[in-house]
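Below is one structure, written out as structure tokens; comments come after it.
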Amino acid sequence: MTSERPDMSVQLGSLRLRNPVMTASGTFGFGVEYAECVDLERLGAVVIKAVTVEPRIGNRPPRIAETAAGMLNAIGLQNPGVDAVIAEKLPELASYDVPIIANLAGESVAEYVQLAERLTACGYVAALELNISCPNVSHGMMFSSSPELTGELVAAVRRVTDLPLITKLSPNVTDIVPMAVAAVEAGSDALSLINTLLGMSIDVARRRPMVGNITAGLSGPAIKPVALRCVWQVYEAVQVPLIGMGGIMDSHDALQFIMAGASAVAVGTASFVNPAASVEIIGGLEQYCCDHDLCGIGSLVGVAHS
Amino acid sequence: MVQEKCRLLSSEQVAPGHWVLRLAAPAIASFARAGQFVHVRIPTTYDPLLRRPISIMLPEARQGNLRLLTCAVGRGTRMLVETPIGTELDLLGPLGTAFPLPGGPELSEAKEVLLVAGGMGVAPLVFLADTLRGMDHHAYVRGLFGAATEDLLVSWTEFAARCDEFYVSTEDGSAGEQGRVTDTLVAQLERGQADVVYTCGPIAMMAQVAQMCHDAGVACYCSFEQRMGCGVGACLSCAVPAAGGGYVRVCRDGPVFAADRLDWEAILDDI
Amino acid sequence: MTSERPDMSVQLGSLRLRNPVMTASGTFGFGVEYAECVDLERLGAVVIKAVTVEPRIGNRPPRIAETAAGMLNAIGLQNPGVDAVIAEKLPELASYDVPIIANLAGESVAEYVQLAERLTACGYVAALELNISCPNVSHGMMFSSSPELTGELVAAVRRVTDLPLITKLSPNVTDIVPMAVAAVEAGSDALSLINTLLGMSIDVARRRPMVGNITAGLSGPAIKPVALRCVWQVYEAVQVPLIGMGGIMDSHDALQFIMAGASAVAVGTASFVNPAASVEIIGGLEQYCCDHDLCGIGSLVGVAHS
Amino acid sequence: MVQEKCRLLSSEQVAPGHWVLRLAAPAIASFARAGQFVHVRIPTTYDPLLRRPISIMLPEARQGNLRLLTCAVGRGTRMLVETPIGTELDLLGPLGTAFPLPGGPELSEAKEVLLVAGGMGVAPLVFLADTLRGMDHHAYVRGLFGAATEDLLVSWTEFAARCDEFYVSTEDGSAGEQGRVTDTLVAQLERGQADVVYTCGPIAMMAQVAQMCHDAGVACYCSFEQRMGCGVGACLSCAVPAAGGGYVRVCRDGPVFAADRLDWEAILDDI
């Protein structure tokens, strides 16, 4: 065809991505681990592993277990701490032409604020994602279980950064909508949905939990129906762009999220199964637009609601 | 590291529960070094979901093939060994660290080496023995192979053929010396001829080998296993306790580690 | 072996089951549908489809969709109403030598009480399971999202029946433990964990939800990690027997639940995949006891906690 | 109804995307009646999880075999047609209602029957035609078969061979009359010779057939499809709207329904 290529770009607050496909935090390291077999510059954005104020050594092994169409992980936010991340990890990733989104994990409002200030000032980062939904550390889900705390946290971070602010919510709540509304009202430019489901597995031979941390976060195709439901519910309640994730393996899955209301998607566990997944999804979405004569991917966002 | 579609050329059962798979993997075969592994996708569905790490037993670099020794222990490996010949398997590799070689920076003086294999652990050591044999400055290679019974001395001929001396032991005495491979190792270390020990096998065995080498003041490298997500160092799933605290990643910092880099006490606590 | 067979029986309140394997409500109809290919008299108990006061025609189709290692359903409590169930369904099932557990779904405390009275009086039923966690009807999860309402409901039903009372909880809550504690304090003799997770799926070709009801309940192997985690958490908080369910396909899965703290298990979606699943699981558990020289299955309950 | 392990004897591609599978299923084959189906487990893993309902196209009762016509539309059916010969498949069946036969209580007077097949819908009608042919009081059987193109007139020879008269139509005119099978039906109904119409095909087609039969005052039975859980009537997953309100279960109350038992308007609303 000689006609123009569809417009795949998407706007998250003041950040424009060339396409709606990013990596999910914690599943793509600091990007460079995959650089040998994934063309990072094709991606909409790279979301890096959670960063904390102090270095964290993480949880005791075993840290993962496979489940039916899913996996459990309890990494425990292992990372070298914000200073080392800025000094040692980001410069290399920043040498690629791809927006970097930092994922922040704190234990208090003050820690999130400190992280936001440091990461905003460093100059490498295009947007901040507040991880208030990590099921694998004590208090990891404290903020995401209360609209008041969520709002308070987002507002505090909002005051110290001009970067687009994304809040990442947990599905492990009775109702996700109030959390979403609180985050948006406090100034979140976008929402990431969802973090992992809290689960566990038992090693029958050893008669004890499979993962050292006992409970762990469930990800992968198994959780896709829950993630889609969260996107669907939140889309009906807020106006900001949603980043959908949870079990996205191919472009068909990505289209489900987009039709449910996601403006962008993140690819997590799929990268382990198929490192090329994110790039293949970009191609698949573009192809779908061409096949259906869409001038851009944006026109599909939320169409399943009508 | 590449992601390569590899046709399964043959699959041969070599012992109860054990198969040798041959795959056409020209890119991976051309890069691979002894100790590295491939991360294999189980075909067709999302259950099982994750890839399975398998050591490279022998790359046939000329033909562009890989040989993998696979033990069917669970669902994934069972599906793998039952894959019809001709199927294209999706491999990611070669991954991880290789055994440092005699003559290299870490082992510039090493002349006599010991390879200590327990059961399935023979796979990367076959590759290592093959590599050592092909080097200009050929080190003298002694191979020690132990298993529970004769049956489980899988691919021992492949291993033996590449060693200058070769010792076998079985726990039930059905072949070679009766006893554990570590008993054979005691004698070898006592002779004081080993400059470096390479080992792969069950964790408890490797822990003992590491301790014995430490006591004898001999360098020791072991090839480690841990459940993996990505296989490329990105997800931190495959952590094992490091000496001095914290964790190292088996997929990227290993699978081959200098034995004194690991916290064996903590490792044994976890199994 | 000439030694005795292991003791597979389990006690739920005043009810003794010959073995710990029952069917999960809604997945085994009124039992008789499977009688041609499953020996009902081998089962620990048959839990029947939810019963309501009035007949319900159920939700519009399509009512199910397959997902990765799971399925979504939104049946919508279709049933002929309690009078017809007692008159037309239970007599046939009661002709088999197997305890019948009724699953009750009401829209108010008064309705649950009415159901409990009718079902207690009819004489066919060995125990009552309060379904306060159906995600597929409006208000279906009202009770299961609040410890106060759960306690109030259980207490009211407790006053009108001497039958063993089981409360079935939802995983779609921020914390399942307070609900469990409230149900037990109000007089529940046992707890069923878990009902389905709230999910959905999108039909990309038609650009609309896959299931007529839009959202639906996720069951099958996909949810097993979440179910195990709920059993684990509740086992540490209450003393009553737990009935574990959620993705149990074989005896290995059942052992995971028992080791996590379940005294009994229920087989749901697995019956669709393999009608023989429940009977095979009974055999598998017995075999495990023999292989490990256990005098009874009871000694395994909760062993993974130590 | 039994749960039977059935060896796959052969798998033959009969049209683009369409296969005929032959299975050894002595128990199911001996009970099966035209219109019934089997619920087939896709082997190996939990993804896909659920069984797939497939009509019985022909039981070879003498040999104890079943023939299934399978169209590979999605993952499950694709895996099914790719199953290696010799695999044991787990079948549940025969399930559901059968077509009521001429001479039976519902159709005691029927002498001339019309079988109206659209595409894949031919499968249960081949079985029905075969049954009718084998009856003592042989009704006169006219078969009508429509498809989009000649290619998709799957297994038409099997169908034609069992009918006394046979009419073909294709939408593109590549074989038989150009047009839809319902156009052919108009002419047949106008002749007023049909005592009963049996139909299976796409829902929109069956809805039209049902309407035409209703208008012509001719009894009509159709074989319906819906997504299924249990397949045995226990889970209420397979509901379709019934005439007069409420729902019927395709797996137990159907798949064969008297056309006037269904609420066609509501059914068409839902697709």
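We call the chains A, B, C and D, going by the order they appear; numbering starts again at 1 in every chain.
In the analysis below, a residue touches a chain if its C-beta (ideal position, glycine included) is under 8 Å from a C-beta of that chain, and two chains touch if they have at least 3 such contacts.
All figures in this text were calculated on a predicted structure; none of them were measured in a lab.
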| item | value |
| --- | --- |
| Neighbouring chains common to subunit A and subunit C, by label | B, D |
| Subunit B and subunit D, separation of their C-alpha mean positions in angstrom | 56 |
| Cα-centroid distance, subunit C relative to subunit D, in whole angstrom | 36 |
| Gap in Å, rounded to a whole number, between the CA centres of subunit D and subunit A | 47 |
| Subunit C: positions in contact with at least two other chains | 67-70, 220-221 |
| Two or more partner chains touched - positions in subunit D | 46-48 |
| Chain contact graph, described as a line, ring, star, complete graph or other shape | complete |
| Residue ranges of subunit C touching subunit D (in the complex, touch as defined) | 26-30, 33-34, 36-37, 49, 57-58, 60-71, 73, 75, 78, 212, 220-221, 249, 269, 271-276 |
| For the subunit C and subunit B complex, residues of the former touching the latter | 68-69, 221 |
| Interfacial residue positions of subunit D with respect to subunit B in the complex | 44-48, 79, 84 |
| Complex contacts: residues of subunit B adjacent to subunit A | 1-3, 41, 46-51, 90, 92, 226-241, 245-247, 252, 270 |
| Subunit A-facing residues of subunit D, complex | 46-47 |
